[in-house]
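Letters are used for the chains, namely A, B and C, taken in the order the chains are written, and counting of residues starts over at 1 for each.
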Amino acid sequence: MSTATMTLKLKIWRQADNTSKGSMKEYDLPGVSPDMSFLEMLDLLNENLVNSGNDPVAFDHDCREGICGMCSLMINGEAHGPQKLTTTCQLHMRSFKDGDTVVIEPFRAKAFPVHKDLMVDRSAFDEIIAAGGFISMNAGNAPDGNAIPIGKETADLAMDAAACIGCGACVASCENASAMLFTSAKLSQLALLPQGKAEAAERAQKMVKKMDELGFGNCTNAAECEASCPKGIELSNIARMNREFFKSSLSK
Amino acid sequence: MSKLDSKVPSGKLQDKWEQYKFDMKLINPANKRKFNVIVVGTGLAGASAASTMAELGYNVQSFCIQDSPRRAHSIAAQGGINAAKNYPNDGDSVWRLFYDTIKGGDYRSREANVYRLAQVANNIIDQCVAQGVPFAREYGGYLANRSFGGAQVSRTFYARGQTGQQLLLGAYSSMMRMVAAGKIKLYTRREMTELVVINGQARGIVVRNILTGELETYHADAVILATGGYGNTYYLSTNAMASNSSGAWQAYKKGAMFANACFTQIHPTCIPVHGDNQSKLTLMSESLRNDGRVWVPKKQGDTRKPNDIPESERDYYLERIYPSFGNLVPRDVASRNAKTQVDAGRGVGSTGVAVYLDFADAIKRDGEDTIRGRYGNLFEMYQRITDESPYNTPMRIYPAVHYTMGGLWVDYNLMSTIPGLHVLGEANFSDHGANRLGASALMQGLADGYFVIPYTIGNYFASNMIDQSITTDHPAYKDALQNTKNRLTGLLNTKGSQSVESIHKKLGKLMWEHVGMSRNAASLEEGIKKIQSLREEFQQDVNVPGSDKGVNTELEKAIRVSDFLEIGELMARDALTRNESCGGHFRDEYQTEENEAKRDDENFTHVAAWEYTGDNKEPVRNVENLEFENVKLTTRSYK
Amino acid sequence: MASNTCSTGICGYLCSSIGKKQLMGVTAFLLIGFLKTHLLGNLLILGGRDLFNDYAHKLISLGNILIVAEVILLAIFLIHLFLAIALVWQNKKARPVKYHSKKRTGRGATFASDTMPYTGVVILVFIVLHLLNFKYGTYYEYELNGVIVRDLYQTVIEYFSNPLYTAWYVIAMIVMGIHLSHGVQSAFQSVGFRHARYTPIIKKIGCALSAGLTIGFSALSIYGYYISTIN
């Protein structure tokens, strides 16, 4: 625990609403403790802004323990900041030094329009899930949980893919604003499990088509998504989606 | 006679639900599409209820505060979900799950509800597996189980440390399927501000659109609240930032009774508070107590580094006081003891408000790799937050508010005292009594949503006259809209000097001090007065900048905090009138000679349900007596 | 792009993001295959004027077969080119507002992956010039075993006698190597081949292949320059 505080120069994207033009604004923020989380640092800034009669910076956040996927932010040009496998809410200010300039921008993509300041609309992800990211079964249909054994390895792979929190860092960090890592994670999870195989082809077709329609870019296999994913979702999921999509194109 | 009719069906406990399902009136499939239901909240309870009712054919309107239903705070649950599958062949049964849950709740919940919960728990596991939830499996491909506090069998199903996430995403995917099918209309970034009651029936809601600031009205034939708990009354808790209870509280003000408000769960193993700017607390899984040893220095105000304190000067107080359970005593006991040590000046860390959880012995015994295998991800999380490595230096932990067992009173149908208003999940009071066992919250949320409400809502529609000619043009909507408008204008026009956040922090401190881990009459009375004066301070001096147009996060917080300021008082009032100690409610005056909770079964084997009588008026305490026909009330002992 | 209008089936596949990527990958494999044979053929320069001209003459004598092969090669190349244009266009559109500050994490994208469109343009320019300089370059005649054939050897040596041309050729080959160093592994990923054990090997093979092609072609150009200086 350190007691010395830092002063930071913040450059933050401010935009009144989704129709206004935004710009970068600078703020000096003293009194930042290294033990604060990045979002607590923004809380401090907002407390100062409110007390001086200014409009606080709008940003998305909720659980603050790295699982809800609500927090976002490009911090000094990196999605969720410089620390690997870490969401913005779990990033702590000890990753910064006194006097540092910190550039904070919203996640940017055509499919993620800005609502206000750093708050963006990621409902495109919900649309991708609605297109096919499910197993069509009604409550009450299910056989016993142990009726179909699933090998541990398969279950683990499905869990690896299912760990996605839907934060959008993959889209934000991709040079092409592609949503392939997100889409492929859900598609992989369900394609791996026997329960999901029945409608795997249908699902691959519908999810990919929806993803394309929404205006996400294409994958150039550069792997920035994997590198900035706070949950370590792997590129192998995209490869699996590529296979699944090819197979489904032959049958559909 | 009590105003509270639990509507528990007659018959043998084991047959009640089956018989009741048969006795309930049904709505034929063609007619289901004529009924509309509003569901507020998209956590485990809300999402599962919305998807299941939509699958049945009802038209559902679903509301959530976040940008997507997938963000609801159920997502943060780590440990697992209980069910009496008895896959490990270790003697589990529906009856045992029922018994453990009712005992864990310190005999303050309704037998029939808890039994039904235990019955449908198995269906939940099947349902989730079929949805593609990747539960942990053994090498043979069968589902894995682990043990959890408060049970002697292994009945907890889990998906790594992210069970809540996986279950929620399962329910969310079912829900999105119904959104695509047009059976659910999804409204995100909406916050409920008012319940609309027409002809004595809950028929609609007013919500504030967080993006535009506009107030919107929605109408239906029934309203379901699945809005979670009120733990954020304490400011610091393990709840998410947006978790609030305004929806439930506004329903209370329209006549839904609020039950057992004082039953809050304080989780013993959280990362302690580091400073005034802290916004939330992070839970560390309870499983850490399997290998960690809890201790404090024997000397008061000892500022030496933990590793410099010799063995003889350490007090492993849980092992000393509870030789048979040691570090594995239940949550409430562990929490209270930590507080006792800190209050006696033996707390550790720079704030002095923490105790050590030490893994040195476990590492010496099993090796660092084994410990890494068990807790590696938790240690990493701890290090990320505190910058200290639990491999070299003991963890600092302290209890934090985690879950609220109290909530809106509901009957066996999960309907509140307002006809048509149903309440699910943490928002209701129903199944956990005075203390919730680990891995039971997920079970209850999904039981309510997948397997209870889809039946009871049909019975409600079939057995009540619901005037379907009403629309949002009804004057009740205009009144409700005006109410909200007045409230918002009041908040915006106060233009005082204190931020919402700073008042919320003050409330949190008051709550922690007076309605925290242990309570007593004098302190509660003082607390009530202080909360009342803080509420006045808020009304006269809060500063909410901006306008009611567009995004205004300060205004959002102000609405929530104004409700917390009222809930806080009710919690204190409920605690003050419950003259006993039970589960998460510990009254200093009511303890055994060994400082353990002392229940008063003769006078308090009941649910206290509070009835709103008007602003700044004392609410009325109603009582639902709890009948125990199948279990014998015993005293918990962990010595 | 047309991706919105197509539905399922082959049309849907070709219009989809993944279909386009996979076709990019497949055409890339074919083009790399061509490059390898091209390099092997070119190595015959080391065998002297007769051997190289004999090889060139045999190819030319294939007549219609050669034309068909060239048309197919051109088609593959054009598909690769037009898909690239379509994808770059689509990708640019996907982020209309740029970041004020954006940095590579260092754990994913590389210089090669970031510059694919640019290295691609350089290669395109190179290929056009390459065809003009050699295939459609100065036509010398040469008598080989009593037959008059094209003296392509002469055209090549003459070209590389200019050190600037040789330098440009080497630079273009380095650019091509950069393009391929990302392209090979990327093509495998696009067609869906990724494996914990084999992908790292593929990456290494991809880099070795790109380096091999770059070194091979560059070495021959420098050899050409060397020959021109001793004559």
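Everything that follows uses one rule, which is that a contact is a pair of C-beta atoms (placed from the backbone, for glycine too) under 8 Å apart; a residue touches a chain by one contact, two chains touch by 3 or more.
For clarity, every value in this text was computed on a predicted model and none was experimentally measured.
S.K.: Give the chain pair, either A-B or A-C, that is connected by more C-beta contacts.
M.R.: A-B
S.K.: If you average the C-alpha positions per chain, which one ends up nearest the average over all of them?
M.R.: Looking at where each chain's C-alpha mean falls, the closest to the middle is A.
S.K.: Could you put a whole-Å number on the gap between the CA centroids of chain B and chain C?
M.R.: One centre to the other, that is 62 Å.
S.K.: What is the distance in Å between the mean C-alpha positions of chain A and chain C?
M.R.: 37
S.K.: Calculate how many whole Å lie between the centre of chain A and the centre of chain B, each centre taken as the average of the chain's C-alpha atoms.
M.R.: Here the centre of chain B sits 27 Å away from the centre of chain A.
S.K.: Residues of chain A touching 2+ other chains?
M.R.: none
S.K.: Enumerate the contact residues on chain C facing chain A in the complex.
M.R.: 3-4, 7-10, 12-13, 16-22, 87, 90-91, 93-110, 113-114, 116, 182, 185-186, 189-196
S.K.: Could you please specify the touching residues of chain B with respect to chain A in the complex?
M.R.: By the definition above, chain B touches chain A via 48, 51-52, 55, 66-73, 75-76, 85, 87, 123, 125-143, 159-160, 162, 165-166, 169, 172-174, 176-177, 179-180, 186, 188, 211, 238, 240-242, 274-275, 277-280, 282-283, 349-350, 381, 384-387, 450-451, 454, 499, 501-502, 543, 545-546, 550-551, 553-554.
S.K.: Which part of chain A faces chain C closely enough to touch in the complex?
M.R.: 11, 13, 24, 74, 76-78, 84, 103, 105, 108-111, 173, 175-178, 180, 205, 208-209, 211-213, 215-228, 235-236, 238-243, 245-246, 249, 252
S.K.: Enumerate the contact residues on chain A facing chain B in the complex.
M.R.: Checking each residue of chain A against chain B gives 1, 3, 16-17, 33-37, 39-40, 43-44, 46-47, 50-51, 53-56, 58, 60-70, 83, 86, 90, 92, 94, 115-116, 119, 121-123, 125-126, 129-131, 133-146, 149-152, 155-156, 158-159, 162-163, 165-166, 186, 189-190, 193, 195-196.
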